[in-house]
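The structures come next, written out as structure tokens.
The following pair of complexes shares a single chain, chain A, combined with chain B in the former and chain C in the latter.
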Partner chain A sequence: MNTLVLLFVKLTGLLLLAPILQGMIKRLKGTIQGRQGPGVFQPFRDVKKLLAKRRVISRETSWVFGIAPIVAFAAVLTASLMVPWIDPTPWNYMSDLLLFVYLLAIPRFMMALAGLDASGSFGGMSSSREMAVSALAEPALLLALLTLALPARSLNLQNLIGGSDAVPIFTPAGLLAGVAFFVVVVAELGRIPVDNPDTHLELTMIHEGMVLEYSGPQLALIHLTYWIKQVTLVLLLMNVFAPFGLVFAIDAAAGLVAVGWLLAKLAMAAIALALTETLLAKLRLFQMMDLMGLSLVLSITALLFVATGS
Partner chain B sequence: MTLLALGWLFFFISFVTGAFGHDTAVGWRRFGCRMAATGSAFILALGVTGLAGAEWRFAWDIPAVLGPSTFVLDRLSGLFLTMLGGVGVAASIFSEGYLEHLEKRWNFHWMPICQALFLGSMAGVFVAGTIPTFLFFWELMALSSFGLVMLDSLTESRRRTGFIYLAMTHVGTAFLTLALLWPCARSGSGWAITDWVSGLAGFGGWERIVVIACLLIGFGTKAGMMPFHVWLPRAHPQAPSHVSALMSGVMVKTGIYGLFRFLTGSGVVLHAELGWVLLGIGFVSMLLGVLYACNEHHLKTLLAYSSIENVGIVLLALGMGILLRTWGHEADAALAFSAGLFHAFNHAFFKGLLFMSAGAVQATSHDGNMDELGGMARTIPAASMLFFVGALAISCLPPLNGFAGEWLVYRSVLSGFALPGLASKIVLPLMAAGLALAGALAAGCFVKAFGTIFLGKPRSHAAGHQAAPGMKRMIAGMMLPAVACVVFGVFPEIVIKPLTTMFEASRGLPYGPYALSWPGRPDEGVQPLLVLSCLAAGILMAWWILGRRGRAPAAAVVETWNCGTPLTPRMAYTASAFAEPVKVNFAWLLQLRRDLRDHGPLAPLLPSRMTYRLETVHLFVDYLYKPLLRGILALSHGVQKLQAGSLNAYLALLFAVIVGLLIMGGIR
Partner chain C sequence: MQCYNNVVTWMGTIILISGFLTVLFRRFWNILACYRIQSLALAIATWTAGRMTGNGHLEMIAYATLLVKAILIPSWIRHVLKRISTRTEARLTVGVAFYLFSAAGLLLLSHVVASRALYGLRASPEALTEVLALVLIGLFQMMTRREAVTQMMGILFIENALTLAALQLAKGLPMVIELGIMLDVLIGILAMGILVYRIQEQFDTTDTARLSTLHG
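What follows is the complex of A and B.
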């Protein structure tokens, strides 16, 4: 019963926080770039508008086009349940690190297929790019997490977070792995310098090209999926590498502090993402190898620190 | 024993049907297929009893042919017989429908004859308890599969492929014969596998190295491990699709079976170096296999390369097990072996499924070149859904069986972090990252395959025309492995538990409450059923969100937006185009040869005509086999000169040999 209540709270929080984080990033980006920017709650309005709109679908599409956003949403939602927010223990029975990495591969697989389904050039181009970038991002993601998981002798995300006394980003290995992980998060979210979420220019787009043929409620679902994935990855980054203010026992006061920390972490992540997106330019597609290589080298250096025991 | 005999009996009936049945009579052919399916079902039952723990040993003296032979059933044989039986039943049912479109082209006498021999001999390999028996069935398997590869041998290139297959498989068998007979001859006590082990234990350093190297080459050639893989991507696609399913799903596994049978038994003394060698070979096979698969635009060749990748993953687990065992981590070693076996088991089902789907595609479109297909999700929707299941499984997406197998392989590679030495602490996590790279590339590869075959507009008339005759029977055959992919993904413990009890060290370990768990670490694991229910709940929730469009008008169906120009099939990404970014990223490894030629304009002011060729250099073919072949040919030409030359030179040679022998005798 307790678990079900917690599950309900978490799901509601997820559906509320995910659009807000997106709104925060957009708003901050606007401020940094000297514009006013859309309001923090704009994503809610977008979803509401899209849900009421009529769908326009291509006549070339097959059954894949219909199920892709649904399955992608389900997989991201399942993955998001595995990441702790304020409390590192409740979902111990399904917080495997490898499961997490491969659950995030499901939406990629489905959306890449959906991109090919409409037979247009844009969709195929974006699918092809997405699979090539993800082939490099997936090992980098795994290696960055492994640098912390291996010394803790556990591949469970929950054990990983409660595992060590030291805050990882204050250790050399943890700091390096944290930066490596941040690079991967930027790539996974399709943000600059990997992809530009604000443009539909065919030369640059990856994620937007695959969803080009979607409209109406399906597009709303795809946006929601992306936002949930964003908040999940950001919270994973924060709670694994900077686990401040997590609650290890049921305690109202500590709980409130933890919620405060949670919001602070989201705000920090929003600032970091908005800053990288404003300060950096998009890389050429074939320079992605170097960026992911950078992440890999950072992780390997972190592993060296771990292996030599310092 | 009864089950084995019944299985062989039905294969024999199928054989007789092929030999004496009328080759144009559909009834005879169907009867043959059904007999093969029945025989496979008995083999499947035999395998399941073996996997569940039934053991028997049966001695049979076959004078003049093999001498005293024993047939043994244990868990290891049981696992592989289950694969053989499962894929065999599916492939036999599938072949009933698949053969309908081949009517005129092939010699139907040879098909059931070779297929029955092939199935029966593979069962023999898995139950043989003495080495001569093992080698007899091994050779029978090689010859019957050669017959199947050569069924359609009208063109020169097809005959050449058959020749390469025959040559490679016999080179492998030669090495294997040496590796298996020499230790037995040394021990002198008999020809059973236990005698081989005791013979090997009596060997000194270099002799053992020679035996193990020969064993690796022999079994590795059959398993398609690099660099002995060159026959595999040629021969597998050339056989009819249900045979490709058997070859890639099961025959490749006889090599894996041999390695596990001879190297992981109790009493075999191993060295850490062998573990590292196998890890290296596995890593190279895995990465190069999947990269070549990404570059391939012929569907069945792509699947064959992907088999090499999966064999690499199995070898990675085997090497890891040997490494752990030499360092005394017996329990973890046993689990690493189980991980490799479980992945091999899973691969049989999803690769069998994918090859049969490829057969359905080929039967419908008469073409296996993905660049000429497209839109077949509307022509053959059921086959597209089954291919989809296989693609999900092979991309190791949870909760299907590919994920379950790779999860265990990951765990075994990462358990090496406990080993002493900086090398294992750095190299092994990098191997895990390599596994992730291979997994992501495989996912890209199968997005490409599924997307260009089944989605978009058809690029040829046949692809979008109508389903092949016999499609229903083909679908029926494909259902079985598809169900296996789901069942072994959601309930992996039904195979993992018997597997871990196979090895003494892991027998007493607590299994933990999770279906997918690392025995001895009961606090961690994955519960695939829970993942599945979460996914189902998520799907329902998405359905609910989408269902709220009650207020919105019905969907409008229009043409895909193409910047205002009419959409033609040529505008969609082809398989070759899809793989381009991967090719560019890994150009340093793939050694691409680009050839862009400008032929000049046909008339003034018109754009010039250009041709573009892109070729992949296959490292081992171009840098190992071709120089080797040239060397051998040059040598034989040299010898030819001596032999066909003057009588004087010949006599001088004879004299030199005699003198040499005398000197050697004198030194003794």
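What follows is the complex of A and C.
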């Protein structure tokens, strides 16, 4: 019963926080770039508008096109429930690290299929690119997380937190793995050095190209999936590498402080993402390998430091 | 004391990360930015070391580092780059991926050497590993990047690594030596900058591979 209530609270919070994080990033980006930027609650308005619209579906599509957003949404939602928010208590015995990484691979696979299914030239191109990027990002993501799994002697995401005595980000191995993980998060989210989430016009688009054929409620679902994935990865990064303000016991006052920390962490992540998006230019597609190579090399270094037990 | 070690190791890690970043970048400006970050981290580490151990001279050295390595030398290199302004990208002789993984290989090598060297001692091999790797990466950069400017920067990276080594392993060098080294580096870089400028004037390129075809 208790678990069900917690699950419900977590789901509601997720559906509320995910669009707000997206709104915060966009707003901050606007401020940094000297524009006003859309309001923080703009994603809600976007979803509301999209839900009221009719779907237009290409004649070329098959059933894959219809189920892809739903499967992707379900997979991402499941993955997001595994990530601890304010409590590292292991009520979620299923939150396995490998399962988490491969649950994130399902939406990628489905969206790539959907991009091919609509038989538009942009869709196919973007699908192939998405697969290329994910083939590089997946091992990097796993390796960065394994760096923390090794000292914790567990693959459970909940156990990674507080697995070692020191705060990971303040140790050399943790810092290396944290930077590596941040690079992967940026790649996974298709943010600027890898892909530009704001443009539909260029031949360089990856994520936007795949969902080009979607409209109406389906597009709203796809947006929501992306936002939830974003908040999940950001929270994982923050909670695993800088586990400040997590509650270890059920207590109202501690819970409030933890919620405050949660919001502060999200704000920090929004600032970091907005800054990288503004300061960096998009890389050429063939330079993506170099970026992922950097992440891999940093993770390997971190593993080396961890494995020698210092 | 524990806090001191933490800050110095943390800054050492930042220097290592920016060392890897220099391998990734091709543009001179980005490499220069990496050098600035390194010098800043080094200054912070030195300052903290000075504060925690009560060594007043380390604090002085930190300010000198900040002035010379984070402001004077980068500005000078910037000036030289603007004067020669031929190309903004450093040409590589090998691919970036190969380059990166060679850097990782160098790190592994230095780890093996460091743990052998410190075997039986209580000191952790991390610091020595980082420093050795940074020196090797700097040398590797000088070998694989043929532009005269990047070779100049390679020396700077090696020098930063050695200063870090002194800080982490020996808790800093005597003030006279530190300041002397800093002055040497400053003069050396000034001279090298002028030399690079002359090379550019004479040969219309700073690509060192082409310098063998000397003008009569």
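The criterion applied here is as follows: the second predicted complex is superposed on the first by the 307 of 310 C-alpha atoms of A that agree within 3 Å, B and C clash if a C-alpha of one lies under 4 Å from a C-alpha of the other, contacts with A are read in each partner's own complex, and residues count from 1 in each chain.
Rule of thumb we're sticking to: a residue touches a chain if its C-beta (ideal position, glycine included) is under 8 Å from a C-beta of that chain, and two chains touch if they have at least 3 such contacts.
Please read these numbers as outputs of a predicted model, since none were measured by experiment.
After overlaying the two complexes on the shared chain, residue contacts for A:Thr308 are found with chain B and with chain C alike. Looking at the shared chain after the overlay, A:Glu138 reaches chain B, while chain C stays out of its contact range. In the superposition on chain A, A:Leu113 contacts chain B only, with no contact to chain C. Once the two complexes are laid over each other on the shared chain, residue contacts for A:Ser58 go to chain B alone; chain C is not touched. When the two structures are aligned on the shared chain, A:Gln42 is found in touch with neither chain B nor chain C. With both complexes placed on chain A, chain A has more residues touched by B than by the other of chain B and chain C.
Of the two partner chains placed around the shared chain by superposition, neither chain B nor chain C is touched by A:Thr276. Contacts of A:Val179 after superposition: chain C is touched, whereas chain B is not reached. In the superposed pair of complexes, A:Val101 makes contact with chain B only, with no contact to chain C. Comparing the two interfaces of chain A, the one with chain B and the one with chain C have residues 289, 300, 304, 308 in common. Touching chain A in their complex are the following residues of chain B: 374-375, 377-378, 381, 384-385, 388, 392, 395-398, 403, 407, 410-411, 414, 417-418, 422, 425-426, 429-430, 432-434, 436-437, 439-441, 443-444, 447-448, 450-452, 454-457, 513-514, 523-527, 530-531, 534-539, 541-543, 545-546, 548-549, 551-562, 567, 569, 571-573, 577-582, 584-585. On chain C, the positions that touch chain A within their shared complex are 6, 9-10, 12-14, 16-17, 20-21, 24, 96-97, 100-101, 103-104, 107-108, 111, 115, 124-126, 129-130.
Chain contact summary for the complex, chain A toward chain B: residues 51-60, 62-64, 69-71, 73-75, 77-78, 81, 92-94, 96, 98-99, 101-103, 105-106, 108-109, 112-113, 116-121, 123-125, 127-129, 131-143, 146-147, 150, 153-156, 159, 212-213, 216-218, 220-221, 224, 285-286, 288-289, 296, 300, 303-304, 306-308. Remark: chain A residues 170-172, 175-176, 179, 287, 289-291, 293-294, 297-298, 300-301, 304-305, 308, 310 touch chain C in the complex.
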